[in-house]
Every structure is written in structure tokens, then in C-alpha cells.
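In the two complexes that follow, subunit A is the common piece, with subunit B as its partner first and subunit C second.
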Partner chain A sequence: MTTTAKLDVQDNNPVAALQELMRRMLERGGVGGVLTPVHLGRGTPMPTLVTDPAELALADPLAPAFPMNGAKMLARLTKGHSGERIAAVMRPCEIRAFIELAKLNQGSLDNVLLISVDCLGAYDNTHYLRFKGADDAIQTTLGFLGKVGGGKDTARDGYDLAGACLVCEHPVAAAADVSVGLVGLDLTAALPVMAETAKGEALLAALELEDWQPREDRAEALARLVERRTQERDAMIERTAEATGTLAGLAEYLAGCVNCLNCRVACPVCYCRECVFATDVFDHKPWQYMGWARQKGMLKMPTDTVFYHLTRMAHMSTACVGCGQCSNACPNDVPVMELFRTVATRTQKGFDYEPGRSMDDPPPLSVFKEKEFEDVVSHMA
Partner chain B sequence: MSNRIGVYICHCGTNIAKKVDCAAVARFAGGLRDVVVARDYQFMCSDPGQDLIINDIRNLGLSRVVVASCSPRLHEKTFQKALARAGLNPYLLQHTCIREHCSWVTEDPGEATAKARMLVAAAVDRVDRHGELFSREVDVLPDVMVVGAGIAGIQAALDIAKSGHRVHLVEKGPSIGGHMAQFDKTFPTLDCAACISTPKMVAVAQEPNIHLMTCAEVVEVSGFVGNYQARVRLNPRYVDTEKCTGCGTCLEKCPTKVSSEFEEGLGTRKAIYRNSPQAVPNTPVIDPLHCKKITKNKCGACEKFCPTGAIDYHQVERFVDLEVGSIVLATGYDTLDPTPLTEYGFGRYPEVYTALQFERLNNATGPTQGRIVMKDGRSPESVAVIHCVGSRDKNYHEYCSRTCCMYALKYDHLLKDKVGHHVRVTNFYIDMRCFGKGYEEFYERVQQEGVTFIRGRPAEVTDRAIRPEEEGKLVVVAEDTLSGLPVRVPVDMVILCTAMEARQGASEVARVFGVAQGQDGFFLEEHPKLGPVSTATDGVFLAGTCQGPKDIPDAVAHASGGAAQALALAARGRVAISPTTSWINPEICVGCRVCVGLCAYSAIEFDERRKVAVVNEAMCKGCGSCAGYCPSGAAQIKHFNEPQVFAELEGLLMDLERPGAVRVPVEDGDQGPLPDEHPARESVTN
Partner chain C sequence: MDAQATQADAGRRRDAQTAPSVAFEPTIVAFVCNWCTYTAADLAGTSRMIQKPNLRLVRMMCTGMVDPKYVIKALLSGADAVLISGCHPGDCHYINGNYKARRRVKLLKEILPQFGVDTRRVRLTWVGASEGNEFAATVNSLVEEIRELGPIETRGLKAL
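Let's turn to the complex of A and B:
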């Protein structure tokens, strides 16, 4: 039986309520710091490690902006011994990506509390800044949220959510220690804070929030949201599979790729210290380029772009959490997320693997199974 | 400076040249980038063939060599040594296969030639990226471990011990001798099995260089060729072998009777028992599942009556750690349980026996003191011997068990000899396979003794009589495939020649010792013809039926082979470690540790201080599991690194009509001749 606590919302401001939650964590939750988005600069919410409760005034885990996936930042904060416990208040796709990194020993769950906030989606970088305009950042968030969480997805003031969010069927993170509910709830009254693990129970107990039995609106609203997004996802996959089903189609799809590797840098689960595509393995000799060109009469420069994406999918598609930062980072608007999710949905289904669900699920490529894909390898059995 | 590559295309007599236009392939190769000479020759592996390469290296200053011939498994070493003789590092060779991979598997000569050109182009591209590699040597520990003390393990242990090396002989059961100890006579000479095996068993017990451990199992092996560490679990025997004199009083006094495994369920033993009076060691063992003292703390008769106080109900398992240079696996076989073949009625009709049961019926120490009698005590008047039960059968084992024809003939003879010439013996066989020394002669002899042979696999054994003479008998229903007629043969007793199969626990043993199993479950040898005792794991050898069905002479010969391999290592005392191992670049490794879990040889450890994975090159087999996973390419197999494999792929994918990497004069010092129609080819004939 999980404990649910009540987080009161004052002045119709759920952002302030979450700030209060984080303040309590720092003051009485035994937490040395909180990693959460804080509006900096022109108002873009960046992952920020806050240790002083006074610095929480611009903290905003609900902002409809997502300039980076914070999983890698949390990995940096937890790889090795810090001696101090921290909390991360993040989106489900950030928590799921962090779980994947932790499986690969790039971060550790030992000294971290994972607080997942129901995700209502976000705009891509440019759309968010246009949507916000010159307004106050927190007021912008409140305007985006409205009264009921997740009432509708798209076309607020003419701006659509990012493509990845529109097709995301994971608005909650199964592996979180504590979840904060938003979907289907009246955001101006109170928010449920739910302990999902023993660690989460202990934290809630320390925060001294009132126990609560909220109405059951959330589960039903979540189911509707997931169903809608799954339909969107399947339609997107169908479109993308159609466009990329042949090598020629795939090459055309990726024609705009300039090998900047931004998508790999932005990808929260791509974890190599040095990408093999940045090494001298792909330093070719001039005569090689001439040779390749001569084979077909022409050669797209830079080379190895299709190879790069295929390799990244081979390495990481089972771990793809669908956060969409790859598309967000692409300077040439190559729809990388759509391609990745299309392939990842199939590879994850193939291995019956859901990335970020649990530390108990080993990454498929890290284990041998005696019987696997027998329809493919049965002739060797 | 560019490489100077020599390419050598082998005809392999007509093996390759019959399908591949070798001269055309050499012409093509001569036009590839950095190739300064390309030749074709009848037999590259011959001395003159190797001399061609050696002379070219010396005279033309070759820096890389490509040989296109048979599989590298056959002659890569030959050509590597040729390079070494000419002063080039052997790893500057690329050996590509245009025989097994090309001429032998391609029907159309045009296609075969095109494929050979692709393979050669790939090899040329690849060899350009080769670098020098150096083997290193490590010491070999002098002791050897032999696992399993059936006749094969005994033979291997005795051979090794005779040389003066110490042998740790590990046997799971309470005594040694294996299946052979269950047999009565042996084909084709009809020696008594005990008469020829007990001297060897006694020799094992008396040999000072053999450290025999019974009731013992190897639970863990680590290390690498020359330096294995093995952990052996000594299961409690509950009898102190030092104090026990083998007087046998306990066997008489024990009140608990249990069905005997050694008697194949035909007889009983006590809860404290030994398999036979000749058991080595002679010390009895207590079966803790049935001993009333151990299970219920009652009885205690054996302890009470033991004159030397050897009984110890409180023994617990112990572990022994061994350090050995090599390991001989002689874990033997199981016989197929014929119960699932319900058509033969085993378990349903009391007079249907397995082969091992019939061995025990014949044995003087068996349940009937060697008299061939039925359960009611009468001698059988007629017996059917059904061959190939579970062998040569798609539903069970496709392979031939190799021993059944011969032991069936032995049974035929024993029946005639012991029960009398009047007994009617009928064999149901598919083919008679009597291939060994003296075997055909034995077949002839048994035929002359009046035994009937019917060619046909029986459809069923039934007790439903349809004729008066079938009343009270078992009827074997079959088709005589030579006459094409159905037959019904009423008999008193049926013997099933049950298949030899891999041990139940073979997969666990394979895991512990790092050896592979073939499709049939038996341990996989390194090469079916030329490496039948070695395995893919250096320093682990096979002996006897754990590798496949064998009769006693073959198992003994195989075991002596395994012993010789182990001794070859031990005698030299040094072993070269292949340099084609994995290497993990600590600058790139990000410490995810997936490779540590994937390594089948436990060759990768995690360095906690530097937070990177490190390969133990002596244990690494270069299999590539780590490199295949490692997304950043920190793990690379030397001689199979990414640039080399990519270059090879590129050569394979080359459009042969428009070869990309043709020889063109470039500024980085390529001094080769300019391309003309036959740029650098010299055809050599002899």
C-alpha cells in the first residue's frame, strides 16, 4: 500500500506548490541538493543543482520547455561517491533515461531520490521561447497548465507540443521513488504526492505532509492520455517506416545530416566517452573518397551519415526513451526522433524490453539467452 | 609510405582452378591499389609456392602479403611462418579462403571467379591496415587434472602419471571404473571386463603420482592454458577412508535396502554400499538420502559394528583448490532411457531390458550371479535383440551410437553360450556396422552360431497374441525389409540396444570448463578430423565418450591422445599465447562493465581504481563478444579491429566493374608501375 500525501496548492499556483515540496526536501527531507529545472537567462529552464532553498524561486519542474534531458547531469552527480543524498525532480523520460544509464554503471541509485512529475509534454526550444515571448517564465508555465492537468495536448496559442511529446506513451515513470500527479487533476486545489518505493515512503514521512485519499480521476485520465498518444505514435511509426523502408528512402530521409553528432550529444542514453564516429576510424584518405564516388558516380559529403545513424540505432535503440532531444538538437531539422522511435519500438518489442522500467531488467545486449529469436536462428539450434 | 603488397592465388590443384579463373583473379589483383606483384600458382602451400612468397618479400621489398587459397584454418600458420622466414612479421599476412568459401560452393565458374575477385579485393584492403603483433610465452604448471575416472579417465591418468607428472583424478561417484565396471564380457575378444579393467583400477590406487578424489566434483575453473585454478567439492562419504579396512561388516549389518543404480534397478543395495567387491577405493559410502541414522537419527548399526570406528555421520562437504597446467575431461556418457519409446514396452513388460540391465544379468557379481534368467527364474527360450533404440532415429538421436551392433553380437553369443544352443536369438537391425579390428570376424562367428538377423526396425513389442504360439510371449512386430514381408516374432525376453547419449549434466560441465557442446550434446572437439582431442579452450582436452560414442578400444586410444596433449604442454613447460586478443583502450572505456558480463572466458576484470575494464590477455580467446558490444569501440580485437574489418567489408562491397581503389599515382610515395592491362602479374607455371 503506497502512501499518498497532499501537497496544497496556494493562489492557484502549482509551480509554487512544487517549490514548497522541494524546500521541505532540503530543509527536513535529509536531502543535500535538488536537481530540477530552474529558469535562467532568458527563461529557459536548465537542470540546476539547488542546495539553498532561497534559490528555488525560479525552479519550475512544470515548464513546458525541455532544452536538455537531465539524465546525464544526474549521472554526473551520482557516479562515484558524493557522500550526500540528493533528489532529482524530473520528467519521466529523464528518470527513465537515468535508469538506463545506471544499468550501464554511468550513474548510481544509491544516494538519489527520483521524483517524477506527471509529464504534460513540452515545446521544442524555439517554440517555447516564442510561446513565452517577453512574459514572466512562471506565469507562462501557469498559462500552459490551465486548471486541469493534461486537458489537451496541442495548439496552445498556435504552438504544438514537440513531436516526441505528442507520441509519448510514458507520462509517468515506473521506476521513480515518488510521483507527483497532475494528469486529470484540478491543479488549483492540491496535488497528490505518492511514495512508490521504501525510499520514497521514508522521504514522505520526513516531509510532514498530510496523508490523503485523492479522488481517482488521475488513473482514468492517464489511461485516456496514453491511449491517445499510442495512437499518435502508431500513426507516426507507420509514416516513418513508409519513408525509410528502403536504403534509398533512408538515405533521402537523412540527406540533411551534416555529421555534427549533436543528436548523439543530446541523447541521454548515448554514453560513450568518445563516439566512434569522432575517431580516426572514420578519417578517410582522399583516394578513398574518389574511389567511393567513382563506384556510383557521386558521393554525398560528409560521408558515413547513414552509417552513423544505423550504428547509433544498433547501439542504443533498445535504450531509447523517446525524449526527442535528438530532433531538438538537429540543426537541419532531420526528424531523428521519428526514425529512432520507429526502430526502437520494434527492437524493444523484439526483446520484450521497456527501457527505464526497472533496474531489474538487464539491457538486452548485455545478456546471453540460450533461446532467443528462434525463428531467425532455428537452423543453428 | 604506401604498403607494397604481394598477392598469391592458389589453384589447389583443381580444387580451386576448376571453378575459379585463377590467372584472371591474379590479373585483377595486380591492378588493385598498392599491389606490386600478383601471381597464381598450382600449390601455394608447397615448398616452391612458399619460396615464391619468400623471394618476392626479399627481392621486391614486400611489406604485406595476401594469400588466397584454402581455409585459414588449414594453412594460415604455414604462410605466417613463410613470412617470418623472410623476415616479415607473420601478422602482416591476410589469408583469404577461395576454396571452401568459393570454388567448392559455387556452380558457375563466372560467379566463382567474380566472388574470388571480391574476396581478394577485401583481403588487399584489409592487409593494408594490418600491424605487427607479437606472441608471448607463459609458464605451464606441471600438474594435470583428469575429470572422470571411467576407463578413459583411468587411461589418461595412468599415461600422465607414468611420465612423472602429478595427476589429480576427480571422480563424481564413490568408486572408479565407470560404465566398464558394469559390463561382463567385452567384444570381440570376450575378455571379462573386470579382468582387464581391475588391474588398471588398482594401478590408479597404487600409483604415487595419482591423487585420486572420489565423491568429488569440479565446481569452478578459472585461469588459462598452463595456469588453471580448479575448485573441487569433496562430497561426504560418511566413512573415513583412512580407517576403513574394507571388511564389509557394515554392508551386512545395514538393515536398509534400496534399488541399486549400479545394478540398473535389477537388484538392491544397502544404504551403506559399494558397487562391487572389486570397487576402488574399497571403502563403502553411505547414501545420505536413505540412511536411517542420517535421515531420522535411528539405527546406527554400521557405526556400532565397524571394528575400526571408520563411520562418521557428521562428515560435511569440503573444498580442495588445485593448480594445474591442463585439464583432461573424461566425463563419459549416459544411456538413453527407453521409457519414452512406448512402442517397445520398457517399464510396461517386465521382460524388456536395457542393454546395461542385460550386462548386469550376465555379470557374476550382478543380481543373478551371472545367470541369464527371467524375473520368474526361468531361462528364456527365445530372445529378441532390438538394435538402434534411440540411435539413427530423428525423434531421439540422429547419430549412430557405434557400439550397439557389436555388443548385440556379444549378447547373441552369450545367450547361446550360457543358456544353451537351443535358445532362439533374433536380431532386429538396420545395418550391421562391424568396422573394428576383429569385429567382422566376430559377426561371422555369431552368424555361424545360428543367430537370426532380420533387417528392419520393429514397429512394436506387444503381449497381444493373435496366434496360439504367441500366447504368454512378447511379440516383436516388424517388417523384414529384405523380403518385404511383415514378421511377428514371439519371444520370452527383449533386449533394447539403447543409445549412448551426452551426460545429463553435460551443459553444466561445459560451462564450468569453458568448452562447447555439439548439436548432439557431446563436447565439441577443436576439429572433427585433425583435432579430435583438443577443444576451443587451450589446455582443456577430451578423452573418451564425453566427445561422442566410442567403444572401449577407441575410448582408450582417445584418452591416450588427450594425455599426450596434456603432456606436450607439461613437458615443454612454456606455452605461446596468441596475440590476437582483445584490448580495451583505457582512454576510451567508460566503465559500463557490460563486457565483463559478456565475456565467456572471464577474461575481463574491472579496475576499480581507474574505473575501466581490463583484459587478461592470457585468458582472452579473441572471440569478440566485448568488441561486438562496446559501442565506443574501446574494446577491439587485435588483428580484427574496426579499421581492418571495415576495410575488408569495403573490399567485399566494391563494384568489380568499377573498382574504386585502383592504382593511381599519388603523391604519398607510391612507386609502383602505372596501370596497364596486366599491370603486375607474372604467371608461373610448373
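Let's turn to the complex of A and C:
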């Protein structure tokens, strides 16, 4: 049923075109606010709830910056009632993470329109600022995009897009109400705005954009992009699996970890209101530390590093959307995303689960059947 | 060399031969459900069934209470295996705790092998309250299996 509308691009500026799309949502789309990245001050765009169309001048959903996954912010805006509908113009991994939170009732889809923009990836925090330098923020984005979506080489002197983006096989979000296409398209002409749900259809109708039958370039380009990234992903997983194939290897991999828990704060799908590792459960008594040290002659402090990461894997790896915010947040450059995606691939396959795909897929640890997984139960003769 | 030294050498060789079986005694942490397996363990004890002494029993109200982190913590602390045992399907006193436990064990069996932990080190069984025999047999077979498998890697790891 997909209706596609045409979003004209003026002055070779697709960022301005998206600002226009959001302006229309606020003015005639029945939307009270739009959550989207906005450049505030010197550059890095932060998720921002915009209610006044005049404040959209620095809105930039296409910036190659990704300081945080906005899913948790959107969860805050949709849990309970504001009485108004909002729209979120976000990356696919933000929408996918939000779907996971909504399944756990930490957010709601009732009063929100999910607008996914084809994702061309982003630099991590430090590299984005290097990439931008002293330039104007929006001009920086336009320079990143180039003429054809996904056509430009993203590697720079000694750095490239964030590792998570280079191995992400989800440049689109299946659960969005509306998708905006970029991949493989001439970004200086017009962008397709596609309704994916009934809610999305209604929004498009209200926006009064022209109906359109774009050429098929996007589908092919997307398929190529997904194929390339899937290959990169598999190679990354192989490398990581090899490096962590033993517990000694895992401990070595995590050697730089200082148990700051930034990775779980940054993780959009670490859903516990209070993480057990942030409580005093694992603050032990001095005599306990002494006792453990005596067992092996030494005790690494802080303790429980591998324990923390393994527990997090057990709690959330089935929901990991691969957004890479864990790695982005780590002060010591521990490659957390690689580790979690490696394990998540196993756990998601084990439960035949794809996080963020659909509200109809229940989180694996929230359901059970009477007859299943008999092979994990041992029986005596 | 003198005779004494030769004798000592022979003694050392003998020690070396017998050492492996003496040296490694598996330690197994068991999380068992109060209503079924714990009662079965009690029965096995009061019936004086022969059981290996390698188990450290933790009584839970239900296997549905066994968070994966308990299992992980036990293994990281040097337990050579973890046994989780509860009521047979359909018999859980909280209706479905054992089905939840089964999914969690499934999860652990996906995660742990990535890090070289043999899946046999996590065992899930259903042992009813009257099945003292089964309990003793489960423990004995698990201890033997783990003895063959050898000590868990974490025993020798200094920094975790």
C-alpha cells in the first residue's frame, strides 16, 4: 500500500528539505512536537524536542554525528500522556531500540510517529568534531552527504565512520511509520517520503506533498550496502570471537575496563531502572577482598569486571541493536560494541529473534512455551 | 646415589602417577527448587544413598528465581559446574518458573561457549520430590562428567 510522496530539495540542500518536512508536520500534520537532532552551540547535534517551527533552522537529522541513542529520550516522551502526538525523526537503530523499550512498556507507540531516515552512518564523538573542525555544522553535513546518498567515501585521514556503523546491516528501520530515502539517490533533486503504516499514510496525506513514483535506484543501492556491511559484520564477529574464545581472552579483551558502567548508561536497551551493578550488592567487605586476594595471591581491583559484562550480555544481548553507543561512551576505548554484537548474534539466533523488527515479536525472555528447548534439559536414564 | 634418594624418587613418581585423580575434585554449585529437588536431595540423604560430596546446595523457592548472573558468578568464582534443578514441567508450584528457567539456561548455553566454557558445565534437570534416586544419580553422573572435563578455566585465572 506504500504511498510515496516527493520532498523537493532546493539549493542542493537535503538538510533544509528535511527541515521543511518537519515544519509541515508541526504546521499541518497534527504533530505537537518533533524529536530530532539539533545543533546547539558549537556543533554536536543533540536529540531535541522542537515545538516551534522557527527552531528548526539548526535541526539536522542527517549529520554524521551520533552522541547518544535517542530511544531512551523518546521513551521518556511517550511514557504516560502529554495529550499531544509527537514525531521522532531518527536513525533506524534509534527506532529499533525504541521498539524494544516499548515492548517492555518503557515507552509507547500510541502517540508517536516514527520517521526513519536512511542511515549513512556517523563518526564517533571525537572524530565528528575532527571532521567538522571550525566549519559550519550544516555545511559539514552537506559535505559529508555529497551528491548521491551513500556515494561518498567516508574515510578520512586515519579515521572512518564509527565501527558500529561500518558493520550495521540495518540502514532502514522496518518498524517505522514513515521512511525517508537517501541511499543511492540524487540528494540534490528530491527525496522519497514513504508511508509504511496506516498512521504514516494519514500523516503523508496531511502534509500535502506531491505523490511520486521514484526510480528503483534505492532498492538496488540498499541491497549492495547491506551486503557490504553484512560481510564487514561477519569479519568483525570472526575477529572478535577469535580474540575472546577463552575466558582468559575475554579478560584480556576487557583489561582496560574500569567498571565505570558508562556502556550500560549509553546502551538504549539496558532497560533496568536500577542496575544491580550500580547498587551496593557488589561492594564487599574489606576482609572479603583480603580473603579472595589470598586465594590466588592477588585480586584485581575493581573486581567483577568480566562478571559485569557477562551479566549484561545475559540481560540485554537479545535486544542489542548494534548502535555502538557502548563503544562511543567508553573512556578507555574498550571495543564493547564488537563484543556485544558477537554475543548478540548468537543469542538472537538461538531465539530466532530480531530486535526492533516488530512489536509483534515478544522479547525472548518475556515468554515461554510448554514444549521447547528440550535439548537444554538433561534427563537421567 | 644412595638408596634413600632412589626411594624418594620412586615415591615422587608414584605421587605423579596418582596425582591427577587425587588433585582434581570438581566443585559444583546447585540451585535447587525447594518444592521438588531440594526435597529429593533430602530424601536421598535420609535414605542414605551414596552421593559424591562435591555439591554446594543452594535452596531456592523456585528455579524461576535463578537469575543468569548467579550461574555466571558461580562459574567465575571457580565452580566447575552449576546444576539447576526443579520441578517437572507442569509441576512448578509457581506454575511456570521452570519454563522461564529453561529459557535462561538456553540463553546461557548460547553465551558461555563463545568464551570457551563447555555447555556441560551448566546442567538443568527436573527432579521431583519423591525422586531421591534420580537426584543421587544426577549428582554422581555430573561429578564424573566434570571430573573428566577437568577444572574450569577461572580457577587458574588471576584477573577477571
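In the analysis below, the second predicted complex is superposed on the first by the 367 of 381 C-alpha atoms of A that agree within 3 Å, B and C clash if a C-alpha of one lies under 4 Å from a C-alpha of the other, contacts with A are read in each partner's own complex, and residues count from 1 in each chain.
Definition applied: a contact is a pair of C-beta atoms (placed from the backbone, for glycine too) under 8 Å apart; a residue touches a chain by one contact, two chains touch by 3 or more.
On a predicted model such as this, the values are computed, not experimentally measured, just so you know.
Student: Putting subunit B and subunit C onto subunit A via the overlay, clash or fit?
Tutor: The answer is clash.
Student: May I ask you to name which of subunit B and subunit C touches more residues of subunit A?
Tutor: C
Student: If we overlay the two complexes on their shared chain A, which of subunit B and subunit C does A:A202 touch? Say first, second, both or neither.
Tutor: Once the two structures are laid over each other on A, A:A202 reaches no partner at all.
Student: So, does A:Q288 touch the first partner subunit B, the second partner subunit C, both, or neither?
Tutor: The first partner, subunit B, only.
Student: For A:T246, is the partner it touches subunit B (first), subunit C (second), both, or none of the two (neither)?
Tutor: Once the two structures are laid over each other on A, A:T246 reaches subunit C alone.
Student: Just to be sure I read the superposition right, which of the two partners does A:M313 touch: subunit B = first, subunit C = second, or both, or neither?
Tutor: second
Student: I'd like to know which partner A:L365 touches here: subunit B for first, subunit C for second, both or neither.
Tutor: both
Student: Just checking: does A:V148 make contact with subunit B only, subunit C only, both, or neither of them? Give me first, second, both or neither.
Tutor: Neither: A:V148 stays clear of subunit B and subunit C.
Student: Which partner does A:V276 contact after superposing on A: first (subunit B), second (subunit C), both, neither?
Tutor: It touches subunit B and subunit C both.
Student: Looking at A:V265, would you say it contacts subunit B, subunit C, both, or neither? Reply first, second, both or neither.
Tutor: After superposition on chain A, A:V265 lies in contact with neither partner.
Student: Considering only the contact definition stated at the top, list the common interface residues of subunit A for subunit B and subunit C.
Tutor: Touching subunit B in the first complex and subunit C in the second, residues 276, 315, 365, 368, 381 of subunit A appear in both lists.
Student: What residues on subunit A touch subunit B, complex-wise?
Tutor: My answer: residues 104-106, 270-276, 279, 281, 287-288, 290-292, 294-295, 315-316, 363, 365-368, 381.
Student: Write out the stretch or stretches of subunit B touching subunit A in their complex.
Tutor: Within the complex, subunit B contacts subunit A at residues 33, 519, 587-594, 597-598, 629, 631-634, 642-643, 646, 654-655, 658-662, 664, 666.
Student: Where on subunit A does subunit C make contact in their complex?
Tutor: 241, 244-251, 255, 276, 296-298, 300, 303-307, 310-311, 313-315, 317-318, 342-343, 346-347, 349-351, 364-365, 368-370, 372-373, 376-381
Student: Which residues of subunit C touch subunit A in their complex?
Tutor: That would be residues 68-69, 72-73, 76, 89-90, 96, 99-100, 102-111, 114-117, 123-126, 134, 137-138, 141, 153-154, 157-160 of subunit C.
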